[in-house]
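Presented below are the structures under discussion, each in the form of structure tokens.
Below are two complexes that have subunit A in common, paired first with subunit B and then with subunit C.
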Partner chain A sequence: MDKGLKIEIKNITKKYGKVTILEDVNLTIEPNEFFAFLGPSGSGKTTTLRILAGLEEINNGQIFFNSKDITQSSPGSRDVAMVFQSYALYPHMSVFENISFPLKMDGVKKNQINEFVKQASQRVKIEHLLNRKPGQLSGGQQQRVALARAIVRKPKLFLLDEPLSNLDAKLRLETRVELKNLHKSLNVTTVYVTHDQEEAMTLANRIGVFLKGKLMQVGTPKEIFDNPASLDVAGFIGNPPMNLLDAEIVDGKLVVEGKLIKNYSTIFKNKKDLVVGIRPNDISLGEDGIEAKVYLIEQLGDSSIINLHINKKIVKHKTGENLTLEEGEDVKVSLNPDKIYLFDKITGLKI
Partner chain B sequence: MMSEKSFATYLITPSIIVLLLTTTFPILYLIWSSFQNINLAMPWMDGFVGFKNYIEMFQDKQFWKSFRLTITYTASTVILQLIIGLGLALLVLKIPKAQWVFRLMAILPIVLAPVVVGLFWRTLMLAPDFGIIDFFTKTIGLGSFAWLSEPRLAVISVILIHTWQWTPFAFLVLLASLASLPTDLYEAAKIDKAPAYKRFFYITLPLIRPAIIIIIIIRSMVALSAYAAIYAATRGGPGTATEILNLYAYRTSFLEVNFGYGSTLAVFILLITITVAGILYSIRKKRS
Partner chain C sequence: MNTINLNKKIFRNFIITFLSTFILLIWILPLIWSIFVSFKSEIEVLAYPPNVFFKPVLDNYKAAIFGSLSILSELSDSFIIASITTILTLLLSIPAAYSLARLNLFGKKKIGFYVLATQMIPPMGLVIPYYLILGKFGWLDTYHGMIIVYMTFSLPFAIWLMVSFMEDIPREMEEAAFLDKASRIKTLLYIIVPQVKGGIAVTTIFTFMNSWNEFLFAVQLSGNKVRPVTIAMYNFVSVEQTLWAKLCAAALIAMIPVIIIGLIGNNHIVKGLTLGAVKGGGRK
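The block that comes next holds the complex of A and B.
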């Protein structure tokens, strides 16, 4: 079988005027990998994708496709296909013409074009829509046309820019599964941009977390969730993300809000400026612990998120138990000492 | 209390009366005149003549010559305006800053009265020896030309004058249309390996087609009714070299005072204008 495309991104920096959009990004994407760029808006993930497509120039750095430097290559010569967030379907062309456009530009023969378009449209189940115009299609159907246009040319690399963000919640879940299957059957290196952690976690082999123009951490979904490398990543990953509370070590004891959490004498004897991270479901309410006040309760159906005020800071507690709490009630909070993460407040790094 | 409907009727009645008096009535009178012999030079011949004027018109060599000239004038000015306007719009679109300067400059010829444009070209631009164009052709070694007094050159000159005045209109409409095209389509096309000229023919042109059709409709109507600029520049001359149908109808009616035949020519112009407009509008409807 054909060996897939390996991407190496080396020291990429991108600026718009004086504003730095991307700072020194380094990344290797393995052949046939499904790689997700995850981050909030403005974090640089889409810019990185567009750089891979050749749609953005860079100020510094290099990109290699299978060890070949393609930093200066035009988008057309990179043999990539992209699904845009807006789908970017040609509005004046029928679905058939849209899907066949890349083949036509590539000089593929007419009878082959028909065959390829048929295959691609069957794959995403839109073969009954070939004569329609994009304007006559629903959002989900348009999204499939964009996918068909991307897969029809059998490119070396798929770039997907938030392809599910314009679909309604139910369709998004269905399409997510289909995307995963599509990647399995095509087995092509795929880069997927999303701000939705759940999408990134379920789809990707590996995730790159982008924050403020920097690639903060790269790893499998489990690695990123279980082992966030920094405060920034910890504060972003998880739904809701980890609670972060100021802490210090006094005489080998970890103390948060004046309460002893656990003995920590092995690494430091005394240390200030620490942050404890704890996931919302590793908190429990009980007789003893840090004093808190119930601020707001969010019902999620099978579980609820209890927003607590601890020293003017909001701490989220997620629980499946049916608690009879009322907003404004005083409670005591304890943190599961085995589930805490410790960060250095100054460097932001995990300890 | 007056009902909304009757109040509305009161409001629009004056304008309907004015329209009837100023538009509908003159057109009906024109059509009536076209079936009459009305000739101030031979008033004793006046009276209803049926289709005599029309039969005469189709046998009139000057009519056919003016008709052909009108078609040439309309087609070439519209095509030139479109091509030059599109070229300029594509060019200005690439200018990152101060596009407004070009928009402002483009408005200037449009706001001039056509008669001023005609006079200005006749004196400042095209006058032999003194005109700017003549100065230019002499400078590059082509020599001096009788721009408005040599028949073939005169036709080219009046076409250029009209094109000069109205290309900015096409330019502004096309610039607005081009500026509204979504950039992601072009990015998609780049990734789909479409080179620049294919992006233009497969994406830009089809997407701005509505604007192009509107320009053709409006500009054809105006070119068919063109009068003042040509009159000011050449008076239809030399001889009848630049005498389009409007000028021929004017000459027949007001210089030869043959109002009956002049009306027939005017009715004919009205008919082609309506026909051309009808055809273009039906094309537009079909496409959209």
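The block that comes next holds the complex of A and C.
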């Protein structure tokens, strides 16, 4: 078996007129890796995917597939397959014709086409739908046709643009597992765009976090979760994301909202303009601590999220305990000193 | 309350039905009159007051088809001109519309405006310039001369219509085709054209109908060697007399091809003209 495709993205910048969509993105995706682009809408993740596909021109930078510069290559010559968010099935063709279209364009012989289409459709379990038109299929079935059309040609690279976003919640979970299995069995470099952290965390080997047109951080799901490199990433990752509170260091002591959190002996003895990040699970309510008011309680079934007002800021506390709190009640909040993250408010970087 | 609404509804429906029947009658009366006249003898036609009951004769149709005033050669001339105009219009307008709808052409907006602007010039103002131009080339009274003149009207309309149909197709569909290794031409043939069938049907019908029915340019720019069927109606008009019955018979025969094409394409026209309104409704 030949080695998979390695992608190197170097200094990519993309502008629409004067608006910068992507700024100086650098990234290496290893062969056969399942890599997720994670970010909110408008963060540039889909644009980067489309650049990999050759559907967008770039203002600056280079892309290498296995060390070969393909920056100027046409989409068709890159040997990539893409599943669009809208699936982009050809509405006038049957499912069979849809799946066989890339083979037909590639000049594959007719009897081979039948064989390949059969294999691909069996793989995504739609072999009974081959004579239907896309308009006669449900969303989930359409999605499978789009997948089959992508895998039938056995490309070097799969690009998936929010493939699960149009499915209902139950189907999304099922398809997620199938996608993971599909990647395992095909073993092809895969780039997956999503705004859903859970999807990115469960599917990907590594994640690239996109925010405001920049690639903020690259790492394994665990690295990104445990070790967010900046305030922006910290405020985005996690469900709900990390709480961010203003803090300062006074005489080697970290102080949040007037309360001492822990002794802090670093290069700074005194420093203002700091931000403390703490995950909602690492907060506890008790007798002592920062004063807060219960604002809203969200029941999740197995756990609940308690929204607290601390100095006009909302802080989320996630707990599995059954607390008998009432909205409007005054409580005291303490932060687990071992689980806090410290950021520089001005540079946004982790300290 | 409900009964009032119901009464209102019935009243409204009545008005609509009445008005549309009235308008339809205005449209259809001359046609019905022509049909009656075409079955009368020339003497019967001039009877005053007109006879409602008369003995129908087929003489007029025989004369219009087989007689000395036969319009068969004119029918074939019209057919040649209208069908070649239609085919060329389609062949040129589809790629032209695609490039206007999708490619980043230099001066695309200006081209788009020019295409529409040609539709704004009254045909009357073009007769003499076209006469002079065709005369210079020696193309007066030729098939290709007439076809080119008709295409100057049909092409802008066809391009404008096809552009709107093509813009309705999601770009991702094409991008998917590019990634599937299809070239631009193949994408146009396999992905775009099948999805604008409605537009193609509408273009075909309108182009064929307009060039078949055209009279002004036909009478000025042709008439001896090449005689479109609209001119043939003059066969029955002379200084001494007008052969009304035969004229009507000929006119009705000349309508048949257009009616056939219209009936075949009727569904497509309605679909085509309303599809633009719902913008991609039904497609995913």
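Just so it is clear, the second predicted complex is superposed on the first by the 349 of 351 C-alpha atoms of A that agree within 3 Å, B and C clash if a C-alpha of one lies under 4 Å from a C-alpha of the other, contacts with A are read in each partner's own complex, and residues count from 1 in each chain.
Everything that follows uses one rule, which is that a contact is a pair of C-beta atoms (placed from the backbone, for glycine too) under 8 Å apart; a residue touches a chain by one contact, two chains touch by 3 or more.
Since this is a predicted model, take the numbers as computed values, not measurements.
Q: Answer with clash or fit: subunit B and subunit C placed together on subunit A by superposition.
A: Clash.
Q: Once the shared chain is lined up, is A:Gln142 touching subunit B (first), subunit C (second), both, or neither of them?
A: Second partner only.
Q: Identify the partner contact of A:Tyr341: answer first if only subunit B is touched, second if only subunit C is, both if each is, neither if none is.
A: In the superposition, A:Tyr341 touches no partner, neither subunit B nor subunit C.
Q: Examine A:Pro134 and indicate which partner it touches, taking first as subunit B and second as subunit C; both and neither are also allowed.
A: In the superposition, A:Pro134 touches subunit C alone.
Q: Scan A:Gly76 for contacts with subunit B and subunit C and give back first, second, both or neither.
A: Touch partners of A:Gly76: subunit B and subunit C.
Q: In the superposed arrangement, does A:Tyr90 touch subunit B (first), subunit C (second), both or neither?
A: So A:Tyr90 meets both subunit B and subunit C here.
Q: On subunit A, what residues does subunit B touch that subunit C touches as well?
A: The answer is residues 53-55, 74-77, 80-82, 84, 86, 88, 90-93, 101-102, 105-106, 149, 153 of subunit A.
Q: Considering the complex alone, what residue numbers of subunit A touch subunit C?
A: 53-55, 74-77, 80-82, 84, 86-93, 101-102, 105-106, 134-135, 142, 149, 153
Q: Contact residues on subunit A for subunit B in the complex?
A: By the definition above, subunit A touches subunit B via 53-55, 74-77, 80-82, 84, 86, 88, 90-93, 101-102, 105-106, 149, 153.
Q: If you look only at subunit C, which of its residues touch subunit A in the complex?
A: 170, 172-173, 175-183, 186, 190-191, 194-195, 282-284
Q: In the complex formed with subunit A, which residues of subunit B make contact?
A: 182, 184-185, 187-195, 198, 202-203, 206-207, 209
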